[in-house]
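You will see chain A twice below: alongside chain B first, and alongside chain C after that.
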Partner chain A sequence: MFLEVLILIFLTAAALWTVMTRSLLRSAMGLALTSAILTVIIFRLNAPLAGVFELSVCAGLIPVLFISVISLTQALTYKEALEHMKSRFARFWALPLIVIIAGIILILMNVKLKTKLPLPESQADVRFVMWHLRQFDLLGQIIILFTGVFGVVILFKERKKSG
Partner chain B sequence: MVSGIFVVLVFVIGIYCILATHNLIRVLIGLELLIKAVTLLIITCGHKTGNMALAQALVITIIVIEVVIMTVAVGVVLGIHRHNNSLDSRNIRKLKG
Partner chain C sequence: MSALLVLVPFFSVLILNLPFRPAGKKLVFGVAAILSLLQMAAVFIPDSAFWRVNQNAFGNIFNFELSADILSKLVLFCIGMVSFSALFTTRYFIQDSDERFNFINVILIAVAGMNGVVLAQDIFSLYVFLEITAVASFILIAFNRDALGLEGAFKYLLLSGVATVLMIAGIALLMLSAGSTNFSVIHSVLLNHNKDFLISLAIGLFITALFIKSGLMPFHGWLPDAYTSAPASASVFLAGVVTKVAGVYVLIRILVSVIGFSASIKSVLLFAGAISAVIGAIAALTQSDFKRMLSYSSISQVGYIILGIGSGTPLGIAGAALHIFNHATFKSLLFINSAAVESELGSRDIEKMGGLAKQMPVTSVTSVLGSLSCAGIPPLAGFWSKLVIIIALWLAGYKIFAVIAVLASILTLAYFLTLQRKVFFGKPNDEFKDIKEAGFSLAFPALLLAALMVGVGIFSPWVLNGFILSFSSILGG
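Let's turn to the complex of A and B:
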């Protein structure tokens, strides 16, 4: 229990650092760290397949995507960065306070989750659930993947120069 | 229900990030944090209710959708940067319909 709470505190701290840090590159790395800590929690809650997906895709692929877009966009000049830093502090100083106050309020509220009985053994296998009970989800995933592919193709299509 | 508290905290951090920043990449990072909170919530609920297989299936679906959304969103952000030479959301308020 203590270890779980400690990991969850690390997760929140990593998320906070991701948002609070000034550099976008560090922010992307913070996101990867948050995903990695979330993977540890997922593994500890006995969900290895979801953990593998979270680690390889969310902690690996998506930060790389963010780092690529950061490197492709133009950096701020020194003067712009200085002004940005000042306005950034004004906007973000309240966040740690909000997180701490929200945490205290939630602990005082002591919300309980209503639990149900577990499913029968035949439905307790993730492969069975994915391929037999949630077939429509797979269809949706395929449609979304194709939508994404077409979206990227349209976004990066070279336009013909008129005249 | 300790995890529930941290789910709410990560969600608050993500929402704050989206609301407080003007940088489009940071908005996407905030969106990612929201998805992380939802993932944690689903896994926790699956663990508590004993429906871990269903929770894993839902998380895998979420991750697939997340990747597609991020890829397209990054493409949109790059397109905006190409047009405006800036990632500031205040510079894209005057859109031509």
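Let's turn to the complex of A and C:
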């Protein structure tokens, strides 16, 4: 129990840092860190495959994409970055307070959650679930990826010079 | 077999793009127009096997659990109808063959996404297909790559992102409580446990997300910018059908098939609907930009639909569904009219216009019909859906909301009469004296939609009864 609480505190702190830190680059790294901590939680919840996805895609691939895009843009000077940090802090200073107060309220409410584990899915192999039970979603996800790529290609390619 | 409605548009895009791109560029308009006509025709297939049973036509791939009732079929028809009109608008406005090819491809993807949303029987699949529709819409809004379009798309992207987070959180909580994401399983669990904190939270999150997606007040911030700054054909498509499917249809589906109507949900819907109907209409009164006025009018009309749903009776849902159809007709029509006026005059400022009725007779006549239908003037189609909604509210005991609905209708008439007077009647502006009617590609869909609106209006008294009865059966009443 103690370990779980500790990990959750780390997770919250990493997420807050991601939002409040001074540069986009740090935010991207914060995202990777948050995902990595989430992976630990997923592992401890006995979902190794979901953990692997989280670690490779959310902690690995996505921050890499973000960082490569950020590195293509012009970096802020140190002075600008400090200004930026101040404005972010002015905007987000209440965020940690809200998290803490919401946590305290939830503890005081002593919510008892009646939850069930997914029935058919929990008994089946992940591969079976993906390819047989969730086929429609899989098709949908393929279409989303395709649409994303298609959108980037048509929105960002050089336009023909026309009159 | 109803999976074909998702598979065919998507695979058409793939086939048109991959090996035969040059030929695809020539064929794309025809292919897309035929697909949308086929979709409208498919709705009338009475064979229940087409809609319900998985016949495993493709072996163990594409083995989806899909289903359609009268509501789904009505919305599928709207999707076909509006995409057909949007295609003609695209042909008129986008002359470059590459650009037009890309634009129509994105429309086809959005159609596949919306058809998936309409046919899904699983809350997570529904979410995935909503995202397809949303991503395609961002591309359509930003298509011209001008500053305003990008701003509109970015606003939509941000608010849609918020809606996505709320929705996925709601889905996760429902899955935790019910153990499944299937509509019928969640529905049976909710019948016994509807007082749980977790379930109430999940429902609250989900409904808030749908309010954002439908552009209801006070979550409407993205809508006027997105509609106004989008290219003309994208506005027709978005206002006519995309936001209605992504927000309003999903709301009805979730309420009817999953959550059910509780007193608190009804009152939230009634309040949100009434506020949107009235404030949207008042905001529309103050606009001088043609498209922006139509956007606020959309918010107001969505408020009407939500009022109908809020009554919680089969009659109200039937009225709401009918109003989705009518809104798809008259709002697509009015956006086509605004596009015609804008393309000829080069301006959307209605204060500068005047007396265009002589120069643009088709646009003028169809837009008068569209406006009157939107304001609910008999015998046009819009009258019947508004009447059904108002009667449903009255019969369900929400008499105050019925009165508010009537008042909002008067406001609708007020801003449309102002619009008509300033644009098509009144004193002509000398600056625009050489204006002619816009081309066939705009006049054709406008005439078609106007004819449909008048036809549905005239025949409504005969078909309305059967239509409403089929809603009683899907609500189990």
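In the analysis below, the second predicted complex is superposed on the first by the 143 of 163 C-alpha atoms of A that agree within 3 Å, B and C clash if a C-alpha of one lies under 4 Å from a C-alpha of the other, contacts with A are read in each partner's own complex, and residues count from 1 in each chain.
Convention: a residue touches a chain if its C-beta (ideal position, glycine included) is under 8 Å from a C-beta of that chain, and two chains touch if they have at least 3 such contacts.
Keep in mind that what you see is a predicted model, and the values were worked out from it rather than measured.
Applying the stated contact rule after C-alpha superposition, one finds that A:45 touches chain B and leaves chain C untouched.
Applying the stated contact rule after C-alpha superposition, one finds that A:135 touches chain C and leaves chain B untouched. Taking chain A as the reference, the larger set of touched residues comes from B, when chain B and chain C are compared. In the superposition on chain A, A:6 makes contact with neither chain B nor chain C.
Of the two partner chains, both chain B and chain C are touched by A:151. Of the two partner chains, neither chain B nor chain C is touched by A:64.
Of the two partner chains, chain B is the only one touched by A:106; chain C is not.
Look at A:85: by the touch rule set out above, it reaches neither chain B nor chain C. By the touch criterion defined above, A:27 reaches chain B but does not reach chain C. Overlap of the chain B and chain C interfaces on chain A: residues 111, 113, 115-119, 134, 137, 140-141, 144, 147-148, 151, 155.
On the side of chain C, the complex with chain A involves touching residues 6-7, 10, 14, 60-66, 96, 98, 102, 105-106, 109, 112-113, 116, 120, 122, 124-125, 128-129, 131-132, 135-136, 138-139, 142-143, 145, 175-180, 193, 196-198. Residues of chain A touching chain C in their complex: 111, 113-121, 132, 134-137, 139-141, 143-144, 146-148, 150-151, 154-155, 159-160, 162. Remark: chain A residues 1, 4-5, 8-9, 11-12, 15-16, 18-19, 24, 27-28, 31, 34-35, 38, 41-42, 45-47, 49-50, 53-54, 57-58, 61-62, 65-66, 68-70, 72-74, 91-92, 95, 98-99, 102-103, 106-107, 111-113, 115-119, 123-126, 128-130, 133-134, 137, 140-141, 144-145, 147-148, 151-152, 155-156 touch chain B in the complex.
Residue ranges on chain B touching chain A, taken from their complex, read 1-6, 8-10, 12-14, 16-17, 20-21, 23, 25-26, 28-30, 32-33, 36, 39-40, 43-61, 63-72, 74-79, 81, 85, 87.
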